[in-house]
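Please find one structure pasted underneath; my questions will follow.
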Amino acid sequence: MRLTIKSEELRDDLIKRVEDLSRQGLLECYQCGKCSAGCPVVNEMDIIPSEVIRLLQIGQLDEALNSKTIWVCASCLQCASRCPKGVEFSNICDALRQMVLRKRLSIPRVDADEVSAIMVSDAPQMGVVGALRKLNG
Amino acid sequence: MKIPYYPGCTLHERALDFDVSARECAKAVGVELEELPIWTCCGAVFPLVSDSVMEILAPVRNLSYAAREGDKVVTLCSFCYHVLKRANKVVRDDPEKMEKANLFLRADTDAREEIESYTKEDYEGQVDVLHYLEMLRDVVGYDEVKKKLRRTLDGLRVAPYYGCMLLRPKKEMEFDDPEQPSIFEEFLETLGCDVVDFAMKTECCGGFQIVADEDLAVQCSRNVVGSALKNDAEIIVTTCPLCRYNLDKKQHEMEKSVRGFKKIPVVYFTQLLGIALGIGGEHIDFSDNYVDPRPVLAEKSLL
Amino acid sequence: MEERIGVFVCHCGSNIAGVVDVKRVAEELGKYPGVAYSTDYTYMCSDPGQTMVKEAIKEHNLSGVIVAACSPTLHEATFRRAGRAAGVNPYQVEIANIREQCSWVHQSDKEAATEKAIKIIKTMVEKARLDEALDPIAVPMTHKALVVGGGIAGIQAALDIANAGYETILVEKGPSIGGHMAQLSETFPTLDCSQCIMTPKMVEVAQHPRVKMMTYSEIEDVSGYVGNFKVKIRKKAAYLDRDICNGCGLCMEKCPAKTPSEFDEGLADRKAIYTPFPQAVPNKPVLDREHCLYFTNDGKCGVCKKICPVQCVDYEQEDEIIEDEVGAIVVATGYDLYPIENLGEYGGGKYPDVITSLQFERMLSASGPTEGEVKRPSDGKVPETVVFLTCCGSRDPEAHMPYCSKVCCMYLTKHAMLYKHKVHDGQAYVFYIDVRTAGKGYEEFYTRAAEEDDVLYLRGKVSKIFQEDGKVVVWGADTLSGKKVEIEADMAVLGLATVPNAAARELANMLKIHTDEWGFLAEAHPKLRPVESLAPGFYLAGAAQGPKDIPEAVAQASGAASKVAHLFAEEEYHREPIIAWIDEDTCAGCRVCVSVCPYDAAEFDDEKGIAVIKEAICEGCGACIAACPSASAQQRNLTDEQVYRMVSAALEG
Amino acid sequence: MFEPRIVCFFCKWCTYAGADLAGTSRKQYPPNGVVVRLNCSGRLDPQHVLWAFREGADGVLIGGCHPGDCHYQDGNYKTMRRAAFLKRVLSDMGIEPERLHLEWISAAEGDKLVNIMGEFVDRVRDLGPLELAHAGGRGNGGAKPADKPAATKKTAAAPESAKGAEKPAARKS
């Protein structure tokens, strides 16, 4: 596992885009990992939240965009609530999801057709609307 | 006292039990909840990206409807409360977004004006968004509520589950201390309950992930339910239809995965309030609950 | 006489010259009225630089000097000395601040910075043209010091000042001196017992012939100025005569009222009449009225009074105000731990087995409530797994304190190590963000803990702690392996942030000495004057100035003491002569100045029918000058005329 | 673009030290202001401010210690009252009162100083140059302002005419 860091990648426009979309300063994160430590769905993530921020800090946007992590997030805001530096990972996660969804970079996590099946069962409307908006765009 | 009320989609459909009990309880404590004449879905989730004017339009539109009815609006569902309150803050703090949202609202009102003769007033954040619990505490007063009680729920061990959306982010919600909140406990103490402190009361139930990844969400809700059980709770109360769904209905899945799983009923806080206020059984409906709370309530002679 | 001002523009290496065109500045000023000589040089404050100033004074017969360089707080004194050596009165040497307030803050606009530098210097030239030759005002000085705070820093400062030959008053608000150091078990990195090295010092200072120790006392008021402070000290009622008390301890034994002991951090109880710990100095009790049954229960108890063999208990005793005069004040008010209540995610104090670092110190201490055994508070069980957390409230600008508390990494390492020494088969975990070991022998100490004592260091911050089913569950992260970590422990110890003592901020306000935004005392210069306050006559020692460990606190205390000795080495104190004076010819005797003067330095002279200024008292604030309706009150070397001319120069061009 | 000229009267204990801190921290702010260092903001005579406007200042910034923090007990309270009064006088004179600003900036608040400097310069820039019909005009200040009388006092005198003429107005407070 070797990584060649290229200075121009560190200041990549798309990484700047993540900062703009999420309104978070990626370099403010000092990698304490408190976001990961408190995340209720971290079990299902392939890369823990603090590592996603780290990848962005070192210019590895694609790896972050391709992570399972961003689709597992339930937007519970616990990470943002406890971050000592005020970095809101939940927002970074939303930004990454939006970048994928808007460009249709990968298949949406929730399929609208499948959801209609759940609709007829008993899930509250808010859950369906929430899932579609966060995970389907 | 009349207060404008925004029920939201879920309370009009799947969570009628929540809506009905809340309205009846309000009456009993002297508040007429006046449902907004028109309202739409709030969007359920708040957009966390910066360029999302479109996504706050729905909540701002609803707030502008509320503005025609009064200076505050009460809501019950945690998601609605979260979205309305944050969108309201955006309007109050970000003039650019306020302007954009109003551009859309004006077009919207133009169309409606002919039919419903609404005034073309811009929405600038003039409405305060209140949660029903805040209404009970700050508008009615817990002391007043106490005076109206027909019975107290003595000895009922209740675990108050806050979930995420009421509390976080602290600076925007300004609802309570996000780590050691107390509004719910104080409410339950008013009813005479034995309040159970449990570690997971502000942890996530899995939320909307239940739609995308049931296993994931069930892991979360099992964690919450397990913590309440460990602390010998007899019943969990919540303010959110989605939390209720995940914590109650998904006990079906928990039973499958955890050997010796003990079930625990999950009810809306307004349902307990209704019982204490002596409201008739037809308004306190438990037919939608997966885990029936009636046995434990009967055991305490509360039915 | 035509003024002959010399202007000396310093490059400060590239600090100034990198932004300001110093050559052009010197050239421009050379043409300015009143300027007889103008030049520039790389480092004016260096020896050759100062020599250059001195030689130019002689060669060009200069009447005044402007050094355009860094802030006057740094080198005004340097150049005034140089001026005096070459025959220019020090008060005719002025600094134009073109570094802190020009080159450093306008780095991107060199042209504008150069223009501004020229204006700044011109304002100072205008001031200097009207500067008078002045002499410092000699006032008598009290060669006696006051040290506030009886922790290790205060004790050290008091001892050093007393040993230098000066009378010292040591004031401590608690019943005993010793401070937090007396609470500690063993000290890093040598693991010597804190009380063993502390107690002799406490005794030494108590018995020192030149130290007047006042415990259970607080500063009530301080007035005056360097060399001549008047202090009022409130000696709180101990409800017994501590001079008569022989410290037999019978009263404490028989007292029926209990309350959690502050010294033991609530892990044990003390009586209502108590000494905080057995080795207390003085070893004489005080009676805590709030918990005493005699006071809370209508005089029904009175056991201590009945039993006291020397009849020293006195329920009628009242606070006493002691007045004294001192020449210098050392502030050593120490620190507190950040309140655990503020850390809701760790339970905010509601879990019995999630404890503070000072509670753990008491637990480890051989004279502590568990006699040195590690037992968790809930059930007295010896914990098999203990988790230690650094940065509890430190390095958290979002919700708590933004700064590093500096000592936690080391004391938690010590805690983990001592725990392992006492519970051999136990497991210690330390969650950290960075382990900071900058001190002599500290890195080696940390390495020893990790390698020899099997303390497992986990790099990550803990998000949540809760106690359920008797277990203290810790949700942390190990960012090195990229995993969330969950530990079911028996106890957790929080390395809470170091914050200034709660009472210290109030005291600082009363003393009119500066603090930073967190309440730590501000030093006069972060590098070159770390033991002095900007306010003359006040010196700083210990954690009151910022988080520090014992050797640093002791070093700073000795530094402060040496500054006091330095001040006291002169017979008289020489005050700045930049004070008010009143023109007798124009004063109408309206007494406005008398009413506005905060120091009673302006006085009405009945005989002359005008106001006069008492030179020994005037602090030079200028309130009377701004208030005087006839412009008869003026400030030496900052007259209204000088201000007008400076303003005009600032706006010229 | 119009670059306003600003005179800053800073007390040496708090705001001047705060400005030094901004420098030590290398914070950047616009170069429009030149500082006159006073022992205390309470030393500031309203006349100094009027003089600054007369001499061509577009804005005047006064910086003192926070209430309760004055090194000389209460000099800053005096300043607070004087500043409020001065704003009324300025208004009567046809000068926008926003051209005068009083701010409490402590020695620890380098950031605040930077922000205030930036905001104040922007504000004065928006107001535009100060036009005073009766002003002596720019560039005649410095050594000997034309209409200021020569020094009459032993060492250094206040400009009597300026004081005498305008001081009574300043006493209405």
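Letters A, B, C and D mark the chains in the order given here, with residues in each chain numbered from 1 onward.
By our rule, contacts are C-beta pairs under 8 Å (C-beta built on N, C-alpha and C of every residue); 3 or more make two chains touch, one makes a residue touch a chain.
Because the structure is a prediction, the values reported are computed rather than measured.
Peer 1: By label order, what chains touch chain B and chain D together?
Peer 2: C
Peer 1: Could you tell me which chain's Cα centre is nearest to the average position of every protein Cα atom shown?
Peer 2: Located nearest the centre of all protein C-alpha atoms is chain C.
Peer 1: If I count C-beta pairs in contact for every pair of chains, which pair wins?
Peer 2: Per-pair contact counts point to C-D as the maximum.
Peer 1: Between chain B and chain C, what's the gap in Å when you average each chain's C-alpha atoms?
Peer 2: Distance between chain centres, rounded to whole Å: 50 Å.
Peer 1: Take the average of all CA coordinates in chain A, do the same for chain C, and state the distance between these two points in whole angstrom.
Peer 2: 45
Peer 1: So the centre of each chain is just the mean of its C-alpha atoms; given that, what is the distance between chain C and chain D in Å?
Peer 2: Centres of chain C and chain D (C-alpha means) sit 32 Å apart.
Peer 1: Could you list which residues of chain B touch at least two other chains?
Peer 2: Expected reply: 178.
Peer 1: What parts of chain C, by residue number, touch at least two of the other chains?
Peer 2: 345, 464
Peer 1: Going by the contact rule already set, what residues in chain A reach two or more other chains?
Peer 2: 43, 78
Peer 1: Please list, in label order, each pair of chains that touches.
Peer 2: Here the touching pairs of chains are A-B, A-C, B-C, C-D.
Peer 1: Residues of chain A touching chain B in their complex?
Peer 2: Residues 20-23, 40-41, 43-44, 71-72, 74-78, 80-81, 88, 90-91, 93-95, 98, 109-110, 115, 118, 122-135 of chain A touch chain B in their complex.
Peer 1: If you look only at chain C, which of its residues touch chain B in the complex?
Peer 2: Against chain B, chain C makes touches at 344-345, 348, 350, 464, 466-469, 473.
Peer 1: Could you list, by residue number, the parts of chain A that touch chain C in their complex?
Peer 2: Per the touch definition, chain A meets chain C at residues 30-39, 42-43, 47-48, 50-51, 78, 82-86.
Peer 1: Help me check something: in the complex, which residues belonging to chain C touch chain A?
Peer 2: That would be residues 345, 391, 395-400, 433, 459-464, 475-479, 482-485 of chain C.
Peer 1: Where on chain C does chain D make contact in their complex?
Peer 2: Result: residues 33-34, 71-73, 97, 99-102, 104-109, 112-113, 115-116, 119-120, 122-123, 126, 129-130, 132, 509, 512, 514-517, 522, 526, 534-535, 578, 583, 596, 598, 619-623, 625-627, 629-631, 634-635, 638-653 of chain C touch chain D.
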